[in-house]
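I have a structure here, written as structure tokens, and I will follow up with some questions on it.
Note that the chains take the letters A, B, C and D in the order they are written out, and that residue 1 is the start of every chain.
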Amino acid sequence: MLHGLAFDVAHLLAGGMVIASFLLLYQDRLSALINVFALHSLVLVLAVAWQAFIQEAHHLYVTAGIALVFKVLIIPTALHRIIRRLGIHRTLEVVGGVGLNMLAGAALVALAILVMLPVTATADPLAREDLAFALAVVLLGLLLMVIRHNAVSLVIGFMSLENGLVLAAAGARGMPLAVEISIAFSVLIALIVIGIFLFRIRERFDSVDMQAMDAFREKRRR
Amino acid sequence: MLLLAVGAYVIAAARRPDGGRQVYGIALFVCIVLLGLALGHLLTGRAPATLTLPLGLPWLGAHFRLDALAAFFLIVVNLGGAVASLFALGYGQHERAPERVLPFFPAFLAGMNLVLLADNAFTFLFAWEFMSLSSWALVMAHHQEPANARAGYLYLVMACFGTLALLLAFGLLAGPDGGYDFAAIRAGTVSPGFAALVLALALLGAGSKAGLVPLHVWLPLAHPAAPSHVSALMSGVMTKVAVYGFIRIVFDLLGEPVLWWWGGLVLALGGITAVLGVLYALMQHDLKRLLAYHTVENIGIIFIGLGLALAFQANQMYASAALALTAALFHVFNHSLFKSLLFLGAGAVLTATGERDMERLGGLIHSMPWTALAFLIGSAAISALPPLNGFVSEWLTFQAILISPELPQWLLKFLVPAVGALLALSAALAAACFVKAFGITFLGRPRSPAVAQARETDRYSLVAMFVLASLCLLAGILPGLVVDGLAPVVGLLNGGARLIPQHHQPWLTLVPVVDVKSTYNGLLVLLFMALSGFAAAFLIHRLASAAVRRGPAWDCGFPDANPAFQYTAGSFAQPIRRVFGSVVFQARERVKMPPPGDLQPARLEVKLHDPIWERGYAPIAHAVVAISTRFNYLQYLTIRRYLSLVFGALVLLLLGMVLWR
Amino acid sequence: MNDLGFLAVTALLAVPAAAALLLVLLSGYRLGARLNVGASLLSLLAAAILFGARPEANLYLRVDDFNLYLIVLNNLVSFTTSLFSASYIAHELETGRLTPTYLRFYHVMYQALIFAMNLALLANNIGLLWVAIELATLITVLMVGLYRTRAALEAAWKYFILGSLGIALALFGTILVYLAAQPTMGEGLPAMAWDRLLTRADAFEPALLNLAFVFLLLGYGTKAGLVPLHAWLPDAHAEGPTPISAILSGLLLNVALYAVLRFKMLMAANPAALAPGPLMVGLGLLSLLFAGLMLYRRGDIKRLFAYSSIEHMGIITFAFGMGGPLANFAGLLHMTMHSLTKSAIFFAVGHISQVKGTQRISTLRGLTVTHPVLGWGLVAGVIAIAGMPPFGVFMSEFLVVSSTFARQPLLALPLVLGLLLAFGTLLWRLNGMAFGKPDSGPTAPVQASTLPMMTHLALVFVAGVWLPGPLVAWFHHVAILLG
Amino acid sequence: MALIADFLVQGCQMLLVLLLAPLLTGWVRMIKARLLRRRGPSVLQPYRDLLKLLRKEVVLADSASWLFRVAPYLIFAALWVAAALVPTFASGLLFSWTADLIAIVALLGTARFFLALAGLDIGTSFGGIGSSREMMIASLAEPAMLMMVFTLSLLAGTTELSSIARFILTADVGLRVSLGLALLALVMVAIAENARIPVDNPATHLELTMVHEAMVLEYSGRHLALIELSASLKLLLYLSLLGCIFAPWGMATAGAGLTAYLIGMTIYVAKLAFGGVLLALFETSIAKMRVFRVDQFLGAALMLGLLGTLLLFVSRSR
């Protein structure tokens, strides 16, 4: 009874993350994107906490806590301040159309499930389902990174990807170092955000300043 | 035997730039020692001596082995090496950048010796590549001329290409679990398809080093670029090492099965190489480059012999194969002699005048008579004129060709005479070319002031040249002895079959098969010529007048004071250029004749196209440039694009996994 | 005996960490440089001790044939590089490209990097391995951006983003491995201890393993700079300080590849899993050919050699992908030779770009005339890296090509093509730089010791002629381990 | 004793060719003169010229080198030896195995080589013209000749002239296409090599047309005499070559005794006379061709030789 419930809730939450990822894909306003990401992280927190509860793995509570503080509160606010500072309030263009991206996302989810299918049920079904969803989230995060020009949205894509990782880690029964990993990743994220902040990387950071880039990318000589 | 390897290493160790004389002296000494050892081994016909050092591939070690074949080529290499060192004792004094020559000269010699002694694939290729590398360094000695740098680059790339080809060949021979030892390779058998592949690869590898058309392009650029004594080594000796590699792989390691069309292939390549080489040479006005192209021609002649041998072996006609092999090896020996001689002569001219361009030379026979004599002997020898040695080996090749109708295959029946025609053509053209080379360079009147002040070269150089010249003569008049010397080598490569011993033929006549078939006696020819010539001279001077009066040249009553009126190299080659060049090189001539009254000189412009470079190499270069330019934009993508690359790779692999099952 | 080994292992980790902390406090770059050298020497000694005494593996750390020689190599090269960087950094300070503060930072980071790499090599726990490599990545990112120029920041940023992505993928792979192992190994640490995993790998869930390997290959492959994951590598090499370029090419790439190989062993131990060979062969060939083509159009000398590193990583990956005792042996040998040679080349390049004041190939000419030692050193290095005797790379390439052609002739052709291509393009560049009429640039002699470069070249030369027995024994053992 | 006799015979053949050579030249000149309705000089004129030249002093150009003075003797020696090695009145003489047909061709090459060098030695424009054209002609003539040699040796299975002659005499060769082709090729080569019309004109001194004469332009006195003598030796050589290969009848075999030798000698002289007449007829009936038509002429000869060889295979394989 409890097990069935546990399974369903976990399933629900994991699925919720996938949905949140789709929302991320759908958003085209930066501030909205940040909010949706906060939601994404919140769902993750719940999922991890639930895993901690049903596995009686208390260290996972730490992970959940870190995620809550860091990803749901600090990072989004920081990002909001950054975009205000950088003055990016206009809608950001999306490569391809939203519909196309949705389609691609769906295809990726299908791929994730396809890849997971052959995994025999020896691994407990819980981990297995979670894994499928986590993989889906990872792929969607990657897709998000690829289809957005903006530095901030790239960071968000990366973080959603990382959320997928944490989900997988939490889903893995008795996986050691889960906490350390989440901490390490938080550091990573922090660095990225600081990087954006320090380097004053405006929109389209991947084309900082054409002259400067030409100078060291040897377009001149040919 | 140990001393052989040790000696080679001594040379390698002798790379100290303190004063050229020591280095060259040591090199000379070691070469002579090695020469003596090799001669002893070849003549006494001892069993192969082997030596293994714990070097190279750890589980294999470095095997060295001295058998008849290696001994013969050792003789060639070290003879050339000794003479070159001797020459360099004098010539080295004029070297502009000795610190770029001295260290690598002994290394080069060591490399060549090691190639010959190597007894496993790794050691062989190691030494082979080492040889290329050190010779490359020598080519780059005068790197400040852009032409030399380009030559060196092309040379090293072609060398690397050749090495890779040989590497693949050895890979096939050694098999997947790496039996790189030559003994193991000999023991093993290769499927016919693979054997053919090995032959092709050996042709590519050794051919690219020996300068087989169309892999010759680097040769005429690289050989002249080096200092002359090195050019002599590269042209006269290193190409022979390449031939050795081919023989070792195809005749020794590969062994059976031999297919008849291999012979045809090698034969055809040889014929084309011979004629194209000499035609290229005729178009050259740069003395050293002309000589380099002649190396290509002679390599072609050697490969004709080898191809015949293959064809005969394929039909179990081992006696005939012995004849062909003897011819090829004999020519190897001869060419190493006279090509070194000629390059040394060119070097002497270069130091005396500072000119390589024949159009600016001339009349040197007056200022440097001894060099002229040596060069003349070399030219006569390479033009295959009796009673010198070049003729003997070509004569033997012709004899081998004349046996060809006994070959069963129709293609060969027709191919061989055609190749014979090519051979004859190349011989005749070679004579024309060396009339040009010697005549324009040494005869006539000086064409530039620098040449007028030329002095005879130093003693060392002269001794070196005359050693070679006298060897040319000796090998020409006593061919029987050389053939006997070659017998064990031929036997080794030919399943024991060898030519009949020559030294107890009457009057030391050369009798390849039977005396009713064909014989040649250089000794008697020389005797007769000497007798009749001297008799005539004596009688005339005694009975008729011996008076001489000097006067201006008659020249049909046109007194032309100006040396510029002489025939130049270009004008000498013009008839042949018209006959052959217009076909092969699309040679086009345009005469710019100024209008009457205009005082500027008329100009003759000659346009030559190198078909092989333009059809074969230029396209490859262009392709590489084009593709790399196309790919180059990947250097400038945005991070997002790079991310999508990773993403794409991931998705692709995942899909692959899904479909894989 | 064993505790001696344990001592050594702890020293390997503790010395750099302590040195890093000490350097934080310590100002004055000269002292810092000395301390840097000393610490590297100490850890080298510690590594040397491991020859004699190996501690038995625990759940976190492990020393076996495979990582032993990599550890020694690692500390050797980092030691020589620290020597080189001492003279290099001094010059940077004179020219004012760096301030003492940055120098202190640099030295701290240097030691930290050594710590991270040692940890990665020693790690027996796949999670620990991952953490260590992430740490190394972050540190190198910071060092690449050291010069604070726009270009440097751009390069660092690119490296950072791509590197983090790689890390993320690797982590996912690691988790998958754990999941695959967990049912058989039970929960907790043992399921992440590599040696235990290896013993039980045959019982793991093959599908999960396959998935894991894909992610790990891509994740760590990004660090190893395999095409198409290589994008960060050339810029990072070109813009960072040259010692770091040497470390990156010489060591970090090896470490990343080492990680891939560890997991390849796991895959090989499970018969039901897909053979990792073809994947690696494909990536290797791709890298080789692509790098060979890219070499041709390079104008920046450090970027040129960065691409050559990609090329060699391709060769090594190809060799291990082919598998079999010969190819594996060749791969291991090539790893060693490449890191020695390439770092030597970067030493030479560093001095050259300092005395010439430029990294543009087109402005470097006739080096053998103006700076004989550096010029000939560069020539020797390039000749060695291009796989010519008497240097060691020749041996490994000989083994790879010949054994491959005997087994898979069709695979050998692109390999040979790529080798020839890379050779030709690399030599073309060398021809322009080392020979020809010297340019009118500054001809001041280099006032730094070329000892490190010479040492490396000498080692490579010796290895080319004669390999010491124990090394060969290890290589053979590891080659069999790699299957 | 027998050995000495053999020596004598051999020596007498050498002397014979030496003595007959100028006579042949004179003979050809006379026939040509008669064909042109001139009286022309006597048959013995060449001898007189030679003696006159021998007695004259040599005028050497200032730029002449030692090679220029040595060359005539070398050329003479090479040609004489070559001519003496061709069986004339008897086959299989003592030293007939010294050099086979290929070697004889090569000996001619030696002579040509030094003649061309002598042409270049003074450094005048005409000498250059002569040498370069001579070598161009030779570069085609020699292969053609060798192809002819191939045909013969493939037919007779030997390259020894004596054996070939014996083979033609004994074996029933019959009329062979390849033999005919070889004959044709040899004749063309002979014309070209001996500087006869249409390839060259032995009598001309018109600058642009001369080849052989241009090379020897600078020679005088005894040197010129030797050159002239060698030229006639060459002509003789080719005629006796034709005789011994394609009309070996009446040739005595070695050691056949004095009478046989005498018969052989008379028949040989008759052959030479006949050949000379044919040559004169041919020369008077044809016009000289441009220098750059020569390559076509000789190329044809080369092709004929090659064709002969190939046809031989066809007829052999039957």
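We take it that contacts are C-beta pairs under 8 Å (C-beta built on N, C-alpha and C of every residue); 3 or more make two chains touch, one makes a residue touch a chain.
Keep in mind that this is a model prediction, so the values were computed, not measured.
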Centroid-based (C-alpha) most distant chain relative to chain C: D
Closest chain to the centre of mass proxy, which here is the mean CA position: B
Pair of chains joined by the greatest number of C-beta pairs in contact: B-D
Distance from the mean Cα position of chain D to that of chain A, given in whole angstrom: 99
Whole-Å separation of chain centres (CA-atom averages), chain B against chain C: 44
Separation of chain A from chain C, taking each centre as the mean of its C-alpha atoms, in whole Å: 31
Distance between chain centroids, defined by C-alpha means - chain B, chain D (Å): 35
Where chain C touches two or more other chains at once, by residue number: 157, 161, 165, 211, 297
Junction residues of chain B - those touching two or more other chains: 629, 635, 639, 643, 646, 650, 654, 657
Residue list for chain A, restricted to those that touch at least two other chains: 115, 118, 142, 145, 154, 205, 213, 218, 222
Pairwise chain contacts, counting only pairs that touch as defined: A-B, A-C, B-C, B-D
Contact footprint of chain B on chain C as seen in their complex: 157-158, 161-162, 165-166, 169, 210-211, 214-215, 217-218, 222, 228-229, 231-232, 234, 274, 279, 290, 293-294, 296-297, 324, 326, 366, 368, 383, 386, 388-390, 394-395, 398-399, 401-407, 409, 412, 416, 419-421, 423-425, 427-428, 431, 435-437, 465-467, 469, 472
Touching residues on chain A, where the partner in the complex is chain C: 115-116, 118-120, 122-124, 127, 131, 134-135, 138, 142, 145, 154, 158, 161-162, 164-165, 168-169, 172-177, 180-181, 184, 187-188, 191-192, 195, 199, 201, 205, 208-209, 212-213, 215-216, 218, 221-222
In the complex, chain B residues that touch chain C: 54-59, 121-122, 125-126, 129-130, 133, 140, 143-144, 146, 149, 152-153, 156-157, 160-161, 164, 167-168, 170-172, 174-178, 180, 197, 624-625, 627-629, 631-632, 634-635, 637, 639, 642-643, 645-646, 648-650, 653-654, 657, 660
Footprint of chain D on chain B - complex, ascending: 362-363, 365-366, 369, 372, 376, 380, 383-386, 391, 395, 398-399, 401-402, 405, 413-414, 417-418, 420-421, 424-425, 427-429, 431-432, 434-436, 438-440, 443-445, 509, 515-521, 524-525, 528-530, 532-534, 536-537, 540, 544-545, 547-556, 558, 560, 563, 565-567, 571-576, 578-579
Contact set on chain B toward chain A in their complex: 629, 635-636, 638-641, 643-644, 646-647, 650-651, 654-655, 657-658, 661
